[in-house]
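Before anything else, here is the set of structures, which you'll find just below.
Heads up, the next two complexes both have chain A, just with different partners, chain B and then chain C.
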Partner chain A sequence: MKRRTLLAAIGLLAFLSANGNIQPADTRKLVLVTAETSNVPTLSPEQVRRIYLGAAVNVDSHTVVPLRNNSDPLLREVFLQKVVYLSEPMYERTLMIRLLEGKGARPPAYDNPNELIAALRATPNAVTYLWADTAAATQGIRVVAELWVEGK
Partner chain B sequence: MSILLRALCGVLTVLTCSIAAGSENRSDYLLFLTAAASDRSASSVMPRHKEKETSLTFVYTAETENYRFLTELHAVDEDGGEIERLQVGWRFVPRAMLWIGRFHNPEVYGSTQYHHAQYLQTGVSRPAIEEFDEHGGILPSHLIGAQLEGALAGGEPDALRYELAFGKTGTLDEKGLESPNIIGPAKRGKATASLRLTYYPAEGETDAAGIFLGRNRLPARDLSIQEVRQTVSGFFGNWEREKIRLFGAAYFLENELEERSGISTGRFATGYLQAEYRTDAPWTLYARSEHSRGTQGDPYLMLFPDFAERQTTVGARWDVASKQALKFEYGRPRIMGDDSRRLAAEWSMVLP
Partner chain C sequence: MPRFLHSLTARLVLGVLMLGLLLGVALFGSVLYLITEDYKAQFINHVRAQSHLLVALVGQDVRSEKLDSMISDILLTGQVVDADYALETAQGGRRTFFGRPRSGEIREDFFFGEHGDNIYYIAVPIVSADGARHGALSLGFDETYVNERLAQVYRRGAYLAAAYTAVLVLIAGMLGVYIGRPLKHLRQVSRDIVKGRLKRNLSVSSNITEIADLAGDLERMRIELFRRSEEIAATAERHRAILEHAAEAILTLNEEGHIESFNVAAERIFATPKTRSSARPSAASSWRRRSAAASNRTENRVPVPGCRSRRCAATAKACRCCCPSAPFGTATTRCTLRWCRTSANA
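Right, the complex of A and B next:
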């Protein structure tokens, strides 16, 4: 009887997991955030990629300002691999070449998460990327794009 | 200083102050350091040439919503420093920017790819046709004037870009081409114009293909000729997949040399193809082949005895740290019909 119950429980768990009804507690999700007061609308991952490659994406005649989050190496690597589709050396190289070509400054980078959030709130139309749980725990910001979910 | 140059300096100053005073201005800089050594063996026509050089390149940019400032300062241990680029741009419509100042000539593909940033270019040397004019290059790499650049509407964002430049270039003397100064005594450069069209199949990728066309007038000083009128045209391409990169360019030059006794003309073609392979370890192997046609007896090339009409180059780049590289290169240049060997090594880095 115990064995049957156990098998039924495993079967139910497998069924629910396959239908996406439950996720492991430690599933990581990467989101793009902006200040609560900013005008930045919902953005597509392709728009986010373009913004972080230096292309001008305008919102209400103001350019979206990307901020780089260097506070967590894993977060940075996931963002570059899954959203920008470049390795870190290639991304750095691309930004340096753009600067040399006169296409503008590199997105500001922050090693300190508190300074990053302060800059996000202080800069009009600024965006940055965070783990979803960090974003949920941070006041005064809102999510404008879901960029990546672990396992998807 | 000519009236045109004074007016240009005035506009540059006003626009630069506007950018500095802007409330939402952003700025950034890069500092490139390079130490290189090369040794070219003697041939029957050329003596042995050994060179050691340390250089520093500082690039600074500042921008507001519609204005942008860019400067590139390049200092070499023996020759002192030079303002390579000093330009201010005004974005007057969303997809176009008008630059004024001193900038690199868009008709020279290589000069506008990495400018003076040795760290960013894979190899130690450049193809002979894309050598900067102050380093013995045969094309005028600097312009003082105005440049309009932008993207043509339609298709993918910024898929087809153009650069249209007008201004004055340098002069010719017994040392070769001399760049025009933006600060200091004016040289009697003459009008030049160039256009480049580049197609980028995917934004953010480095793949590109394009064409260029330029018309230069190069006044001569202390030479038997008075002026060279030059038409430059050609095409270029860059293709990159995973670990492999291929890029190259072809140049077609037509020159008219105005001499006291009459006009002599010449035309030749030159081009190169470079292949690169990135290994899993931080090594990149590369090889470049340069070829020319019609260079023998060309009256314009007589003014540049160091020009390599053919050259095969192989090399390796080792990215020793995140922003430092060591490069080693071996080349077989053919200069004035005679082969020699060239060895070169370079250390380069970028900050921050």
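Right, the complex of A and C next:
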């Protein structure tokens, strides 16, 4: 009986590994998402960086609207380190300078994840960043870029 | 020591010291916190920007020789203490390590001081100009320099806080002396007034309104006291003259029955010089007897010696207590003589 159970467990693990769906529990992944109805295509890391630095980026004749997710400090720091390559004060300063010079808009920031998702759905061509598991659990959004995978 | 602690100067110093410590901790704590956060943010910004710049440069020409050269150059400055890269070339994967030997994989940092290893690890993808990913570069930036700078800031902050507290205490002490001096003067003058030295003018000069007002009030009080004491002295002198020169014998006794004073007329009537009778009990008894006899003669009072029966022999009415110096019937606690009227309307 024990032997059969062990074999079944090994078999299940092998099946899951072959499908690539298993990940260590602590592996984190940051993804860029948009509303399911949005026309935003897949974006490159450099495009995402430019969008979030306040530059107007048109993709397929659509202006992408960035939304900032401030609901999780770690998520915010990962985004700053992996996407814009700036510290938070410097990022804020950069956005402010661009705004004052009239060269770009300051992406709105949301502390509440529910408000963020609502704004994402309500704003045409809006994008934001989420943990991959959060994105997978949220209805009505789709992933347009993988920004960071832990350990890669 | 406890007396000094209750003095104005000590109270001021202690109060300012407490306030200084309270404000100092809040103020310096806030400033140090802001400085610390700013240092950390600057460091993180430097690390992220430098890493991004480096991979952007590498991305233009992805060759391991160039990467080796660049990393060796960065390591020379000492800002980066640990580095490695994994490059996927046409010939296959290659991983190169620089800097200090390490056991196991690095753990990437996202906050200053994370993982407690004094190194801020960052991993950045090596992407060529066409957007193709060629590998990843990991750099370990030294956090020690920032920590040393922060320690220096804390040390200097502590010195500054100590100097700030010392200056506060010094100022409080000087203020205590400045306020305390006129108050001491006022206290001295008040004692003089209590001792009856009213002629000395009160001159306390102070710029502090409350002290100046207090000195003014005290000076007015002194002047009023002086005026009243002069009036009392004049009144007393007038009364003494009236008593002395009255035609009737007037004498005063204290509660024990001792004669305190009597006038010239009393001297004459009782034929006793003032020097013999004053404040003597025996003389008082004598005066009482003589006074009683005189009173009896004039007002038909019958003395009841010892007043044992407490009844008047003539009228059988209750005796009434009387002191020789008081009107008939006035009861005193120490009355030794009792009288009764013998007249019809008594």
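Note that the second predicted complex is superposed on the first by the 127 of 152 C-alpha atoms of A that agree within 3 Å, B and C clash if a C-alpha of one lies under 4 Å from a C-alpha of the other, contacts with A are read in each partner's own complex, and residues count from 1 in each chain.
What we mean here is this: contacts are C-beta pairs under 8 Å (C-beta built on N, C-alpha and C of every residue); 3 or more make two chains touch, one makes a residue touch a chain.
All values reported here derive from a predicted model rather than from experimental measurement.
S.K.: State whether A:Pro89 touches chain B only (first), chain C only (second), both chains, or neither.
M.R.: After superposing on A, A:Pro89 lies in contact with both chain B and chain C.
S.K.: In this superposed model, does chain C or chain B come into contact with more residues of chain A?
M.R.: B
S.K.: For A:Leu80, select first, second, both or neither according to whether it touches chain B, chain C, the two together, or no partner.
M.R.: second
S.K.: Have a look at where A:Pro45 lands relative to chain B and chain C in the superposition and call it first, second, both or neither.
M.R.: second
S.K.: Have a look at where A:Glu101 lands relative to chain B and chain C in the superposition and call it first, second, both or neither.
M.R.: After superposition on chain A, A:Glu101 lies in contact with chain B alone.
S.K.: Quick check on the output: what are the common chain A residues between the chain B footprint and the chain C footprint?
M.R.: Residues 86, 89 of chain A touch both chain B and chain C.
S.K.: What does chain C use to touch chain A in their complex?
M.R.: So the residues of chain C touching chain A come out as 38, 41-42, 44-45, 48-49, 51-52, 105, 108, 110-111, 122-123, 125, 127, 131, 136.
S.K.: Enumerate the contact residues on chain A facing chain B in the complex.
M.R.: 49-50, 53, 55-56, 58, 62-63, 65, 84, 86, 89, 92-94, 96-97, 99-102, 104-106, 108, 124
S.K.: Residue numbers of chain B touching chain A in their complex, please.
M.R.: 24, 26-28, 30, 59, 61-63, 65, 68, 70, 72, 87, 89, 94, 99, 103, 112-115, 117, 120, 157-158, 203-204, 206, 319, 322-323, 350
S.K.: Flag every residue of chain A that touches chain C in the complex, lowest number first.
M.R.: Chain A residues touching chain C: 44-46, 74, 77-78, 80-81, 85-90, 150-152.
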